[in-house]
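Down below are the structures I want you to see.
In what comes next, subunit A is part of two complexes: it sits with subunit B in the first one and with subunit C in the second one.
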Partner chain A sequence: MYEKFLEDIAQANGLREVNTYVKLMAGLGAIILCLLSTSFIAPLFIAILLTGAIILLAQVDMRTYAELFIVPFWFAAMSVIVIILLSGGSEVYWSWTPFSWLSISISVESLNEGIFVFCRVIGGMAALIFIALTTPMTDLFIVMRRCRVPEVVLDLVMMIYRAIFMIMHLLVLTYQAQVMRLGYSSFRESIESFATLCGSVFIASWDAGEDLVRAMDARCYAGKFAMFGETGPVNSYSLVAVGLFLLTSSVIVVITRDIVVI
Partner chain B sequence: MHIMEGFLPWQWCLVWWIFAIPCLVYGVYLLKKVLDADREALPLLGVTGGFIFILSSLKLPSVTGSCSHPTGTGLSAICFGPWITSVVCAIVLLFQALFLAHGGLSVLGANIVSMGIVGPLAGYAVYRALRETRVNMFLTVFLACALADMFTYFTTSLELALAYPAQVGGVGSSFILFMGIFAVTQVPLAIVEGVVLALVFKYIVQLKPDILFRMNVFPEAKINAARNDT
Partner chain C sequence: MSRIILEAREIRYRYPRGMEAIQGISFHIRKGEKIALVGPNGAGKSTLMLMFNGMIRPDSGAILFDNVPVSYDKGSLRKLRKRVGFVLQNPDRQIIAPTVYQDVAFGPVNLGYSESEIKTAVTEALRYVGLEGFERRPPHLLSGGEKKRVAIAGVLAMDPDLLVFDEPTSGLDPSGSEDIMELLDELNLQGKTIIISTHDIELAYPWADRAILLLEGKILQEAIPDVAFGRPEYVRQAHLSMPILLDIYFELKKRGYMLPERKPRTVLDMLQVIDVAFEKTPCCHAFPGTISVFDVDSSPHDSLPGWLASHPDSSIGAMGTRAKQHAADTQITLDFTYGVIDKCILRAIIGESSLILTSTGMVRRVEQRVLEFDTISGISVPVRLIGP
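This part shows the complex of A and B:
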């Protein structure tokens, strides 16, 4: 059970005070460059640089960072194997045709394609994790409001944000109580316990949500949450660093566009 | 499992965003209407969103060791309809990308289409078809939730197959292969999810049925009959 979100790390990371827009520029820019790249080199370069930034500058524990990569790795590896087997090519190493409509093969082209997609996932994930670990959600609310996201959506966004922590808290408490009473000792038992857990937590957090709205109403809430609109000032060092990073990455994307592994 | 950052080529990311945006705009319009009419719906929507977040982040106990997960969107589609569910899902998917590095930003459109639009629409269709019939209420919830989950994975497989068609057999064979990989874990998971959500629904019927009456989720007589049975 996830008892610790990336949010907790983001609230205390080394780049917390850096301007939100600068961090978003680095993260989103990296994602776009990974997508535009046609070779595996640029995404790998981006992944290495951002990993360095996360571990050295944001001072995130290396173990936590590695754990974050495990699930995406598993999914990427599985899906990339399918891509390698299906996409075919002219220089074939091995092939097998079990049905008339299905033929699987491994070729130079398909291996290149598979490795390229795998590296793009790693680059993209590093950029995503960079945003997740350095920019707390509360800072993003301010960005959303500046971007004119409709108030009603913003209300819901903040309500869900609050609900997640409320539910998580209740869930952990109830779950531990259930485990202590052997609620998960057999498969049948665990299905029933899990349903009771969800049901009771749903109703309890719903009540808590209603209390919250009532409390806000009592304080003259009129459909708009007030927020501090402050984010750290744009620091010229960070801006230059991000600019250099994006420029170098763009140059690498262009230079390496025709390079393949095999 | 949501499609992860960087997995789809940019052209496909764009295509799925183009599909998702009109649905989201319509969803926001409906959401505004619902909240203008009934402010009390806000906490319920928030909790539903929080719940979808938790359910699609956690693996169910002792099913498989894979990275498949329930989606939890069926129940929301029944209570609020598929379009509002799509907005809630979009927010949840954004949170998952930023809280858990689960999913991604460029592929958010594709994930919204599969988990936020097609899945809930399928669940909602089943619910609408069975709502007025004599079919047991909990069975309806079970079917709606399980199918919402299954259709989410159909769509994810289709999204992957369209982006990476096979050399022989094209999109069709690629779709079958991706589906085959997911089906191993997803079919049992969808059934478990249906059972769990039907039980959650039973719990709500027993303890807090007023919201079900107010939102006219099921005919009042049906809910009362179910309450008297238990």
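This part shows the complex of A and C:
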């Protein structure tokens, strides 16, 4: 309930001042390269490098990063086990027959395939987390505007963004008030408290919404939502670093295209 | 006397299916005045204030802005709201956009300013409230005082003539409240008319030009602060407490001391009252200390370190956001940040010198206040401007 939002980490990260486009180029480029690669080496390289960038350059706390990574990591690991065991191949790498009617075998192809998929997933994840942790939403709004996202959608997105934090704040306040008065002490009590929490937060956010309209009216709202602000200037150093990263990754994608684990 | 900017004529308002919140109120406010609207909870302060920018339309009676009755069609309301800035009590309810820059730009964008005009207006407003460098921050990561400043900047960016603040100091720490009150003073010096509603008598008493006491939707009293807050029966009725300085003044008077007619509004005034009461000579020192004034806008900045080095014992005060910013930038430790002129005069009386950092508009204010003191006390405190 009192967790820090990803957004808050992104607002304070070490790469905050780097131009948004440069950061997006690094992240999106990495994802595309992960998809293009036919070997496990390039995605692995990308994952390691971006993890390094997140921890060393963006100065995100290692624990936070690990917590973020662990969920997709396990998900990928379990899917990959299934892929390894189920997909077929001609060359048997390992097999085990515990009973006469059951035999488990892993082929070289399935093993290669599994490791490749796994590396791709963590490469892509690292790139996504890199974007999430270094580029706050507020900077993405500016990019969205440049990409000609319709005004109506943008206005909505921005109001929703503001409302999320407002409602979250209301939620925390109400929840704390309930806990202070022993609201969640028993199972029955928890269900009741949760119901009142939902109800009162709904009403409070409705109120806040009406206030918002009034606040906008009081400031001469005429259908326009302020949409300005700039991202940091393109710094040649960061541009060269990202260019180098993407170039190296591309080269690795090309030269390692036929390399397999076994 | 300056012209009337806002007038209420016998206004009444009843909430739908509710009680009558405003029961026939008339008053007028002149341009450049500082008005404190005081009263207990539920007296109708907020309702009344929401009428000033047309958010609530009175059932009967009329509100006049600039001697023209407010009309409630969309176009006129927009014009009115550009000129009457409203700062809500809870800044969270006023801040709309996801970043500080976008929020402050909200008004100007909707008024149809050009991009460069918006930029100037926003930068200027943020500079004014001392939030330079906060442009890209999201509001939910700001402190209460900072949010309040964002809300104020959002209103200032539209350059209104009349500023209405609902409880400007609620939820702020004492130093934050003092900063806000000083910001209001600064705005007032720039010619803006300011109306605040508050429970904080101690802040309103020295600040306001006039106080309006509201009770149960009616005006109980409308007068200069020492009269408005100086009647124990009214103060009790309005669920307020008497300002401590007035309280002491009246207690001294009850004990039969001969006191000057002018009631004390600041500690400096109080000391003068005490000096008169106990027939002491006001000045302990034959030579009062000098008050030096440094104008952070126009005096050359390199002249200050030399002055500080040669006057190590001086107390230093800063008036206004820019002066405080300057002090923070140049790592000057401030002794006073609120009621600076009076504090410096108090130092001067006991023979100590002091320095006031301030902006161009406020220099005149220092001279005025010192002159006012000089005429009343008969002491002449020298004021010097550092630099050319």
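Points to keep in mind about this one:
One rule holds for everything that comes next: the second predicted complex is superposed on the first by the 226 of 262 C-alpha atoms of A that agree within 3 Å, B and C clash if a C-alpha of one lies under 4 Å from a C-alpha of the other, contacts with A are read in each partner's own complex, and residues count from 1 in each chain.
Simple rule for what comes next: a contact is a pair of C-beta atoms (placed from the backbone, for glycine too) under 8 Å apart; a residue touches a chain by one contact, two chains touch by 3 or more.
Keep in mind that what you see is a predicted model, and the values were worked out from it rather than measured.
Superposition of the two structures on subunit A leaves subunit B and subunit C fitting side by side, clash-free. Contacts of A:Leu156 after superposition: subunit B is touched, whereas subunit C is not reached. Residue contacts after overlaying the shared chain place A:Leu102 against subunit B, while subunit C stays out of touching range.
With both structures placed on the common chain, the touch criterion links A:Ala215 to subunit C but leaves subunit B unconnected. Once the two complexes are overlaid on the shared chain, A:Cys147 sits clear of subunit B and of subunit C alike.
Of the two partners, subunit B and subunit C, it is B that touches more residues of subunit A. When the two structures are aligned on the shared chain, A:Met137 is found in touch with subunit B and with subunit C. By the document's definition of touching, both partners, subunit B and subunit C, reach A:Glu7. In the superposition on chain A, contact is made by A:Met166 with both subunit B and subunit C. Of the two partner chains placed by superposition, only subunit B is touched by A:Val121; subunit C is not.
Angle at subunit A (Cα centre) between the Cα centres of subunit B and subunit C in the superposed arrangement: 90°, in steps of 10.
Applying the stated contact rule after C-alpha superposition, one finds that A:Met180 touches neither subunit B nor subunit C. Taking all C-alpha atoms of subunit B against all those of subunit C in the superposed arrangement, the shortest distance found is 12 Å. Residues 7, 137, 159, 161-162, 166, 212, 217 of subunit A lie at the contact with subunit B in one complex and at the contact with subunit C in the other.
Put simply, subunit A touches subunit C in their complex at residues 7-8, 11, 136-139, 141, 158-159, 161-162, 165-166, 169, 208, 211-212, 214-229. By the touch rule above, subunit B contacts subunit A in their complex via residues 1, 4-7, 9-10, 13, 28, 31-32, 35, 39-40, 42-47, 49-51, 53-55, 57-58, 60-62, 67, 87-88, 91-92, 95, 97-102, 104-106, 160, 164-169, 172-174, 176-178, 181, 192, 195-197, 199-200, 202-204, 207-208. Here subunit C touches subunit A in the complex through residues 53, 55, 78, 81-82, 86, 88, 92-99, 101-103, 105-112, 115, 118-119, 135-141, 154-155, 158, going by the rule given at the top.
Contact residues of subunit A toward subunit B in the complex are 1-2, 5-7, 28, 31-32, 34-36, 43, 68, 71-72, 74-76, 78-79, 82-83, 85-89, 97, 101-103, 105, 117, 120-125, 127-129, 131-132, 135, 137, 140, 150, 152-153, 155-157, 159-164, 166-168, 171, 184, 187, 190-192, 194-196, 198-200, 202-203, 205-206, 209-210, 212-213, 217.
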